[in-house]
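This is the structure I have questions about; it appears just below.
Chain IDs A, B, C and D follow the sequence of writing; residue 1 opens each chain.
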Amino acid sequence: MILKSLREEVLEANLELVRRGLVMYTFGNASGISRAEGLVAIKPSGVPYETMKLEDLVVVDLEGKPVEGSLRPSSDLPTHLVLYKSFAGIGGVAHTHSSAATAWAQAQKEIPCFGTTHADYFRGPVPVTKPLSPGEIRTNYEANTGHAIVRRFKKLDPLQVPAVLVAGHAPFCWGKSPSEAAHIAVILEEIAAMAFQTITANPKARPISKHLHEKHFLRKHGSAAYYGQVK
Amino acid sequence: MILKSLREEVLEANLELVRRGLVMYTFGNASGISRAEGLVAIKPSGVPYETMKLEDLVVVDLEGKPVEGSLRPSSDLPTHLVLYKSFAGIGGVAHTHSSAATAWAQAQKEIPCFGTTHADYFRGPVPVTKPLSPGEIRTNYEANTGHAIVRRFKKLDPLQVPAVLVAGHAPFCWGKSPSEAAHIAVILEEIAAMAFQTITANPKARPISKHLHEKHFLRKHGSAAYYGQVK
Amino acid sequence: MILKSLREEVLEANLELVRRGLVMYTFGNASGISRAEGLVAIKPSGVPYETMKLEDLVVVDLEGKPVEGSLRPSSDLPTHLVLYKSFAGIGGVAHTHSSAATAWAQAQKEIPCFGTTHADYFRGPVPVTKPLSPGEIRTNYEANTGHAIVRRFKKLDPLQVPAVLVAGHAPFCWGKSPSEAAHIAVILEEIAAMAFQTITANPKARPISKHLHEKHFLRKHGSAAYYGQVK
Amino acid sequence: MILKSLREEVLEANLELVRRGLVMYTFGNASGISRAEGLVAIKPSGVPYETMKLEDLVVVDLEGKPVEGSLRPSSDLPTHLVLYKSFAGIGGVAHTHSSAATAWAQAQKEIPCFGTTHADYFRGPVPVTKPLSPGEIRTNYEANTGHAIVRRFKKLDPLQVPAVLVAGHAPFCWGKSPSEAAHIAVILEEIAAMAFQTITANPKARPISKHLHEKHFLRKHGSAAYYGQVK
């Protein structure tokens, strides 16, 4: 079995989505990439999490050609591949239909940064894609979903805004590793849920100031970060 | 004991409703049909799930005549029987008062298809019945509930729209088997919950396009489906 | 120890409130009455549920005079006593600050009967009391809470409407036994939660018809009931 | 190891936040003070709760100088220290990003006292701070957060109003001990959640009367309290 340790990370990221209540049945999928070998390991399509084993994961190259594994990969694989090819710095992708984040995607509204929980992870609102055209839906739908995300990030740094809401669909999240991608999926769900309650308590709620937003993001990221233990 | 394997499926479908938090106390009921023998197995009325055994299930014919079992069947049995007689392709029915789906039924509003989670399972909105007339409530209330559902499906294919909201009451779900019916009940609850949050985030939220809806439904259903493993 | 079996029922009713997530820390209280002896057993004040034992329950007469038990009774005892003295048919009372039901009490709005789940248990909306006057709050506050409930039930049958929302406070529930009272507390919380979602999905939602309401209530209560097993 | 019993209390308070679902991953922090020695024990920054040990807690003096422990303290330590220096009567502080309370902080709205659950713990609304100025954010941000809280309490008694919502951030809670601070964090989350539902059920909901508010607060606090067991 090739890429054993990547497979372990990917399996663990998928199971984290289950443990945190972000996926049910066979919903959702997480993947990871070995940049050195140009290979991606991803969850198989429609297989229950309860019985998923290391060897059930599917390894493909960046064009989606199967390299190892007898099962079909997640049907969202082409979206993952576009993200890996366009966002050079990412090492993992996680996709869920988690309740609150999916509802914002369905509402086709970006999630404003209402507080420091959000600012700790995202250097801006959580963006939403434009809807796909009928032609983009008809042919290469999943790859086109990836392209719509990439277009939305033309002026955004995917490592500073590690998730997107696909309009009418659900979130895609990413990070330097599969486990970071899954972690972002969990945080995003929490941020999305709190954003609903925020606009319920105050329909005119405003995002926090640029100053507070930057302060919190940079407290945790970049060379001047001072959250956590020195590494 | 006749129909042992159907009973096992029906018991399991009932317990799935409990495990997923869709029913409490003795709420809800699931049934299954043997088309070959024209017999239906259903949960008994008002018996706790914790202690329910295979032999507690009640087997009746399509007119509701008891064939095996000493307990009274669920009081909603006549609704199930109308569905089995009118929807030739279904093999199981599940009825719950799950929180979000019931609230839409109480609101007497169909659930619009706000996203692909919904589109993966329903080829259209989740419909709501018309309220029953006083006369329909007075006599044969449960059978008339079934008839109201069937009238609502005059122009709908029950295998492509596998659930309904009974106005002022709660959902009825179905599928090719008891376990599929229970599965739909779980999915419907999730879809209903996300639909609330969607209209909270955006009171003017619009359904997804017909193109996206069809794409997702057909990705999972019909001859061109490509979700899951080849069977 | 006197009234052992009543104590067991009362302890079990209190623990049911914990198991169903209706109370936290030392919130809430349930009691039961022996009509034959004119004695009430109730949860002690401020004692954690985790360690509560049969002998911790406090037995008092209908004037609140301690008969057995070394702990102080729940501070809401005078409310319970007024209910027992005024509602001859009840055998148990349960009081919680469960989230959704308390929110309706805080909103000082009765819960309309939006569906059959409600109609199965309450023959009308769940009523809300009038606020107490400053004088009623100052002296004998807890007994006056009971009197406000009784005044609200002047034209209502407490066995057909087994709960009330005390304005700005929380629900009191009752039944023929302590376990029935706890059961109603659980159901009321579910009904209250669904009612929120109902008005979210449809701010103009209307109660179900009198016909449907009566049908469901009488399907489960009274001489013509046909829900559950014959007893 | 110094301050062993304070460390035990502080560790226990931190774990209570986890058990009650108020924090996830390494979110949140609780601390305690030994007034006699002028030393504070606090959670280390960014360390998982699952593996946190007594010796991982960090002991500092009131200027934040490390006294014992090899890990970095929570980055919110300066906020805790300002609170200990300004609020002479408190012995513990707990900070979470719990969902509903954080949403009110994000909405920058105080939580009105809609009911007796709130009145039992807070002698007034739960206040919200003013946003920090750009300069206060740039330098000594965490200490300035503490100063903003203290300014907000100019006319409030912190022992009668044991929590605050920091605008655009989240709640800080306190009490006579670390465990009381954690207890208040749990109660505040519940109160905040019920307040959302209250304004959903009735957008014009009004706070309870001063009379009822005082009655409930004084039933549990002060010399005339009569809730719980005599101590």
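We take it that a contact is a pair of C-beta atoms (placed from the backbone, for glycine too) under 8 Å apart; a residue touches a chain by one contact, two chains touch by 3 or more.
These numbers come from a predicted model, not from an experiment.
Q: Counting one step per pair of touching chains, how few steps separate chain A from chain C?
A: Contact-graph shortest path, chain A to chain C, evaluates to 2.
Q: Can you name the chains that touch chain B as well as chain D?
A: A, C
Q: From chain A, which chain is the farthest off, judged by mean CA positions?
A: C
Q: Between chain A and chain D, what distance separates the C-alpha centroids? Give it in angstrom.
A: 33
Q: Could you list the positions in chain D whose residues touch two or more of the other chains?
A: Only 195-196, 199-200 qualify.
Q: All pairs of touching chains, please: list them by chain label.
A: Pairs of chains that touch one another: A-B, A-D, B-C, C-D.
Q: Touching residues of chain B toward chain A in the complex: what are they?
A: Against chain A, the touching part of chain B is residues 114-117, 183, 186, 190, 193-202, 205-206, 208-209, 211-212, 215, 219, 226-230.
Q: Show me the residue ranges of chain D that touch chain A in the complex, using the header's touch definition.
A: 24-27, 44-47, 71-72, 75, 97, 99-100, 102-109, 131-132, 134, 137-138, 141, 168-170, 195-196, 199-200
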